[in-house]
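Right after this note come the structures.
There are two complexes below, and they share subunit A, which is joined by subunit B in the first and by subunit C in the second.
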Partner chain A sequence: MGLSVSDIRKIADLAYMKMDDSEYEELEREINSILEMIAEMQQVDTSNIKPVSHPTGETQGLRKDQATATDCTKLVMANAPLEQENLFLVPKVID
Partner chain B sequence: MFAKTILQLSQGLQDRQFSAVEIATLFLDRIEKFSNLNAFLDINRDTSLKQAKAADKRLAERRANPLTGIPIAHKDIFVTTDFKSTAGSKMLANYKSPFNATIVDNLQSAGMVSLGKLNCDEFAMGSSNENSFYGPVLNPWDKEHVPGGSSGGSAAAVSARLVPAATATDTGGSIREPAAFCGITGVKPTYGRASRWGMIAFASSLDQGGIMCSSAEEAGLIFNSMLGFDSQDSTSVDRPPENFNRYIDKDLKELKIGIPREFFDSNIDNEVRVAIQAALQALEHAGMNLIEITLPNSHLGIPVYYVIAPAECSSNLSRYDGVRYGYRAEDHENLTEMIKKTRSEGFGKEPKRRIMIGTYVLSQGYYDAYYLKAQQVRQLIINDFSSAFLDCDIIAGPVTAETAFKLGDKIKDPLSMYQSDFYTIPASLAGIPAMSIPCGFSSTGLPIGLQLMGNYFEEAKLLGVAHSYQKLTDWHTKMPDGIS
Partner chain C sequence: MGWLVSIGLETHVQLATSSKIFSGGATDFGKTPNSQASVVDLALPGTLPVLNEQVVEYAMRFGLAINGKINKRSVFARKNYFYPDLPKGYQISQYEEPIVEGGSLTIWVNNNGKTVRLTRAHLEEDAGKSLHDIYPTHSAIDLNRAGTPLLEIVTEPDMNSSLEAVEYAKTLYELVTWIGICSGNMQEGNFRCDANVSIRKSPDCPLGVRREIKNLNSFKFLQSAIDFEILWQVGQLEEGRKISQATVLYDANKNETRVMREKEDAHDYRYFADPDLLPLNITNEAVEKVAQDMPELPNEVKTRFAKTYRLSREDASLLGANRQTADYFEETVKQARKLITFDNLEKIISNWILGELFATLNKNSLKIQDSPVDPHNLAKLVSRICDGTLSSNLGKTVFEQMWISKEDVDSIILQKGLKQITDSSEIEKIVGTIISENLHLANEYKSGKDKALNALVGKIMKATKGKANPQKVKDILKTKLGY
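Our next item is the complex of A and B:
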C-alpha cells in the first residue's frame, strides 16, 4: 500500500514546504519506490535487539551549566534577513 | 612545486627553501587557473596570505610544527568566519558564520593556511556533487564524469593539486566514494573522533569529518592536529591524544586482512574487481594474511541508511525557516506562508526529497516501524563488524562497484544514485574508521579505490596498512593530465 499524492501533500504540509502539482506527482513516484526499497529492512527479526543511540556506545556528554559564549550579538544579527534593534522581524502574528 | 607531497613541502618550509606565502600564492593561482573544475566556492586571497605570513613568522621563530605553512581548504559544510559557509545550498548563499568549526580552528592553530571553501552536494546529500546549488564539480581525470559526492569539491581540488589537502565529511560514504573516483586518499575516523561543532548538520548520528590528501602518512599527520575531544560536541569521545602515524614504521606482517564475501557480488564491475584483487595480493606479498569473513547484514545497509539519514535530516533541517539567518522568500501574507515559501524556494530537490521521507518516517504512528526498527537493524550491522574483528585486524574491499559515472547519468534516478553507496554505508552505520586509497585505473583511465576499514579507534593501524600498501605501489602518486 503506497502513498497517494494527497498523502504527499500532507507530509509536505507537516514539513512546512509547498510545491507545484508536478513536484508532488514526481515525489509520489520517488518516495514510493524508496519506501519499497526500505521495506526489506522491516522484514528482519529484531526481537531483543536494542536500538543504537551512539555507534560506539558512548553516553551523551554534558557540560556545566555556565555561560561560555562571548557577546556576538552583532555577528549573529548580521545574518538576519530582517532585523530592527537586535530583534528578528517576521510578518505580524497577532492582530 | 604543486606536485610535492605535504612532507616535502613541510621540509622545504623548515629549511627555508621557500616561504608559506610563496606556497599559498602558487596554490591560489592554481585555484584561479583551474576554476573550470568548479571545486571552490569561496576564496579570499588577503585572508589566506595573512595566515601564510603568520606561518612564516612562526617558522622563522622556530615555533612551527610539521603542518605550519601547509595550505588546506575546507568543505563548505564546515563553518568559517573568514569565508562564506553555504553548505552548497541557496538557503545559506550569503551566510557568514560568527564562529569557526572546531576542526577549522584546530588546523589553523597548527599553522595550516586556509585557501577557501569547497563545493559539495547540498547539505552533503548526494554521491555525485550534482546536487550543489552552485553547479556540479568536474572530475579532473575526465571532465565528463562526476567527481563523486558529497565531498566532490574536496576530492577534485586535491586530485588536481589545487590544494595539498582538504577537509571533508562522511555520512554514508561522502569521503570514500569521491576519493575513489578522483584517485586520492580519503579517511573517515571513528564516529566521535572529529568534532562536529560547526559542521553543518545533516544526519547527526552518522556525520563525521575527515580528510582528503595524497597518502595515508599525510592523513595521519593531519589527524594528529585535527582530531580530539571537544566539549562543544556532545557526541565527541574523550580519549587521550595519540600519534596516528605510530604504525608507519611498524612491522605489520602478521596482520589479518578480512575480505567480506558479500563485497564481491555480481554487481561489481570486472575492472574494479581485478584491481581490488591485485591490491589484496600486494598486501599478501607484504606478509599480511588474507582471510574470508562475512558481513551477512551488509545488504540491509542502504534500507537502514535511507530511514536514519532522512529522519535525522528532516529534524536538523527544520531550523531553516528564514527567520534568523539564511534565505527568506519574498511576497507572503503571514508567518506560516513565509516559512513554507522560504523552505520550498531555498532547498533543492534532494534535501526536499529527504525531508519528505524523514518527516513521513517520524510522523505519528510510523516511528517504531521505521526509525526505531532501522536503529535496531543498525545494531545487527554493528554486530557483524564486531564478530568480524574478532578474526581480523582490518577489512578490505571495493569502495564502489564502478568507476566515476558520467555527469547526468544518475541524477534523474535517485534509487540508482543511492545504490552507489552500497560498500561504504555499512562502515558509516557502524561508526568505524574507514578509508579509500588509489589502487589502479580502468581501461578508460578513471581511478579505482581500495576500501580499508578498521575497528573502533584503530585509525593508526588502518593508516599503517594503507601506508604499507603505498610503500609497495605508486598509484597514489599518479596525477591527471592537464593540471600543469
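Our next item is the complex of A and C:
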C-alpha cells in the first residue's frame, strides 16, 4: 500500500507536470497520507450502495443533428500562440 | 511446425451525421483547417457537450443488426492523454458501460460460414489531425475532425488468418454502409482498423502475447500488415526469443511493422466518468422504434438471393455486397419477369450484372446507381436474348450502344439491323451457299472430322454478321450434310 517516489514520477509524467526533484519527497508524504485516509474509508461496507458518479439521477438530454456552429475559425484560432494558414503550429512531434 | 494465429479487430467507424457528436460543429471533409472545430470540441471554458441524438440511433441500429445487447444505461468517460491534436487533453469515450455489448457477425471464407463474436461497440469522439510534413520545424494541427462521432467496434480474438480478418472487415464495412450509419469513404478515414495479433502452439495453450497494429485504413494494408506480423512473430518464437506486448505501426512502403511503444510505455488513460455528461438512458420504446425501420440485412439478402433465385453463394454475395447493387438486381428481375418467362432468367441477369455491367462501370469509374443502363433497359435486353431476338454476342453490341445513347433496346436492334435470323428457310439458303463454296470442309466433316463443322458454322456466322442463330445453323448443317 502507498506510493513510492517512482510511482509519483510516473503520474507526473502522465499529467505532463514538470517538478523539481526536491518536490517529490514532500509529495510522497502528502499523497500517502491521503491514501491512508482513503484506506480507512474503504473499510466501510458499501456493497449495497450504488456508485454516485452522477448523483442527481438525471439522464442525458439529446440535441438534433444540426450543424449550428459554422465557421468558428476566428474563435478557435484566437488563442493560438503560433499559426500559419489557419493551422496551429506546435513543436515537431512524431509518435 | 504449425502455429495457431488469433486476431481480434477494433474498428473505428465514422458515423454519418451532419454535426459533431457533442457540438453543432459541422462534419464535412476537406474544409479550410480549423473552420469546423467549435468551442465545444475544444472544451473552451464555459462550454458543455450535448449528445447528438442521431449517433444514439445509429448505435442502436448497429446493435440490432449484430444481435447485440443495447444497454438501457451507458456512461461517457474521459480517456486522458496528451497529444497536440487532442484539444481537451482527454477524449470522451465510453469505458465500463458501453452502449452495445455482445452480438456477432457471420463471415464467409471459402464458402464456409464462421461466426465472429463481438465484445462491444461504444461511442466516442475523434481527435484532430496532426500534419508533420508541411513545415520543416513544426507540426501543424487541424482540429476540424475533433469531435466527429465514431462507433468503435471490438471483436473477440476469433479470427485465425489474415484472410478471415479481411473478410470480417469487409463484412462489417458492408453492414455499416448497408444500414446507413457510415458513408464508407475509406480514403477519408471513415473506416479504420486496429488489429491485435498473437500466435500460440495449440488451442489448449493460453493466447500468446499480442501486438497491436494501429490504424489500417485499407483492406489490402490490413491483410499485408497481419501477414507480415505473423511471420515476424513466428520468426521470433522459433528463434527462441520472446515477444513483448507492444503497439506497432505498419509501413506500407517497406511492408513491415515497427514498434510505436512497448508495454512499459503503455498509456495509462486514467478513465473516469465524464462529469459534463449524464448517463445515457435508452428506453425499450426507442429500441422498438428503431427496430421497426431496420432494413433486411446483407447476410439475409445474400441467403435469400441464393435460395429464391437459385444463384451460387459467390454470385449472391457479389450482388448483395451493397444495397445499390442488390436493389438494381432485384429491380431488373422484377422488370424482366413482366416481359418474359424463362427458366434461367435470374441467373442470366446475374451474369449480365456481374459481367458486362460491372466491367463497363469499372472502366468508366461509375457506381451502379449512376449506370446509364438502368434496370428497366437491362431487363428488356435480357428478355430480347431469352426470346431469341438477339444472340448473346449481339446482346453485348446492343448493351454498348445503350450505354452510349441510352436508347431503347428495340430501336437499337431495328436501327442496326441486329435482329437474329431465326427464319429457317433464310438460314438454309445461306448454309447452302457456304457449303457449295467450301466443299472441302463439307467433305472433311463427312469423313469424320468434327472440327470442320465448326469452321463451317464460323463462316456462316460471318456471312450473317453474327445474326444467325448458331444452334439452328448447326442443326441445318448437320441435316444437309447427312447426319
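To be clear about the criterion, the second predicted complex is superposed on the first by the 91 of 95 C-alpha atoms of A that agree within 3 Å, B and C clash if a C-alpha of one lies under 4 Å from a C-alpha of the other, contacts with A are read in each partner's own complex, and residues count from 1 in each chain.
Here, a residue touches a chain if its C-beta (ideal position, glycine included) is under 8 Å from a C-beta of that chain, and two chains touch if they have at least 3 such contacts.
In this text the structure is predicted, and so the values were computed from the model without any measurement.
Engineer: Output check: A:Val76 vs subunit B and subunit C. Expected answer is one of first, second, both, neither. What do you get?
Structural biologist: both
Engineer: Contacts for A:Glu30 in the overlay, against subunit B (first) and subunit C (second): which applies, first, second, both or neither?
Structural biologist: So A:Glu30 only meets subunit B here.
Engineer: Please indicate which partner A:Lys50 is in contact with in the superposed arrangement: first for subunit B, second for subunit C, both, or neither.
Structural biologist: Only subunit B is touched by A:Lys50; subunit C is not.
Engineer: Counting only touches as set out at the top, which of subunit B and subunit C does A:Ile8 meet: first, second, both, neither?
Structural biologist: The answer is first: A:Ile8 touches subunit B but not subunit C.
Engineer: Does subunit A have more residues touched by subunit B or by subunit C?
Structural biologist: Touching more residues of subunit A than the other partner does is B.
Engineer: Is A:Met41 touching anything from subunit B or subunit C once the two structures are fitted on A? First, second, both or neither.
Structural biologist: first
Engineer: Does subunit B (first) or subunit C (second) touch A:Phe88, or do both, or does neither?
Structural biologist: After superposing on A, A:Phe88 lies in contact with both subunit B and subunit C.
Engineer: Common interface residues of subunit A with subunit B and subunit C?
Structural biologist: Residues common to the subunit A contacts of subunit C and of subunit B are 14, 16, 53-54, 56, 58, 60-63, 72, 75-76, 82, 88, 90-93, listed in rising order.
Engineer: In their shared complex, at which residues does subunit A touch subunit C?
Structural biologist: Checking each residue of subunit A against subunit C gives 10, 14, 16, 53-54, 56, 58-73, 75-77, 82, 84-95.
Engineer: Using the touch definition from the top, list the residues of subunit A that touch subunit B in their complex.
Structural biologist: 3, 8, 11-12, 14-19, 27, 30-31, 33-35, 37-42, 44, 46, 49-56, 58, 60-63, 72, 75-76, 78-82, 88, 90-93
Engineer: Okay, in this complex, where on subunit C does subunit A touch?
Structural biologist: Subunit C residues touching subunit A: 17-19, 23-27, 32-40, 42, 50-56, 73, 75-76, 80-84, 130-132, 134-135, 137-143, 260-261, 267-268, 270, 272-273, 275, 277-281.
Engineer: Going by the contact rule set out above, which residues of subunit B touch subunit A in the complex?
Structural biologist: Per the touch definition, subunit B meets subunit A at residues 95-96, 98-99, 190-192, 205, 231, 233-238, 297, 299-300, 302-304, 306-307, 314, 318, 321-328, 332-341, 343-344, 347, 352-353, 355-357, 359-360, 363, 369-370, 372-380, 382, 414-415, 418, 429-432, 456-457.
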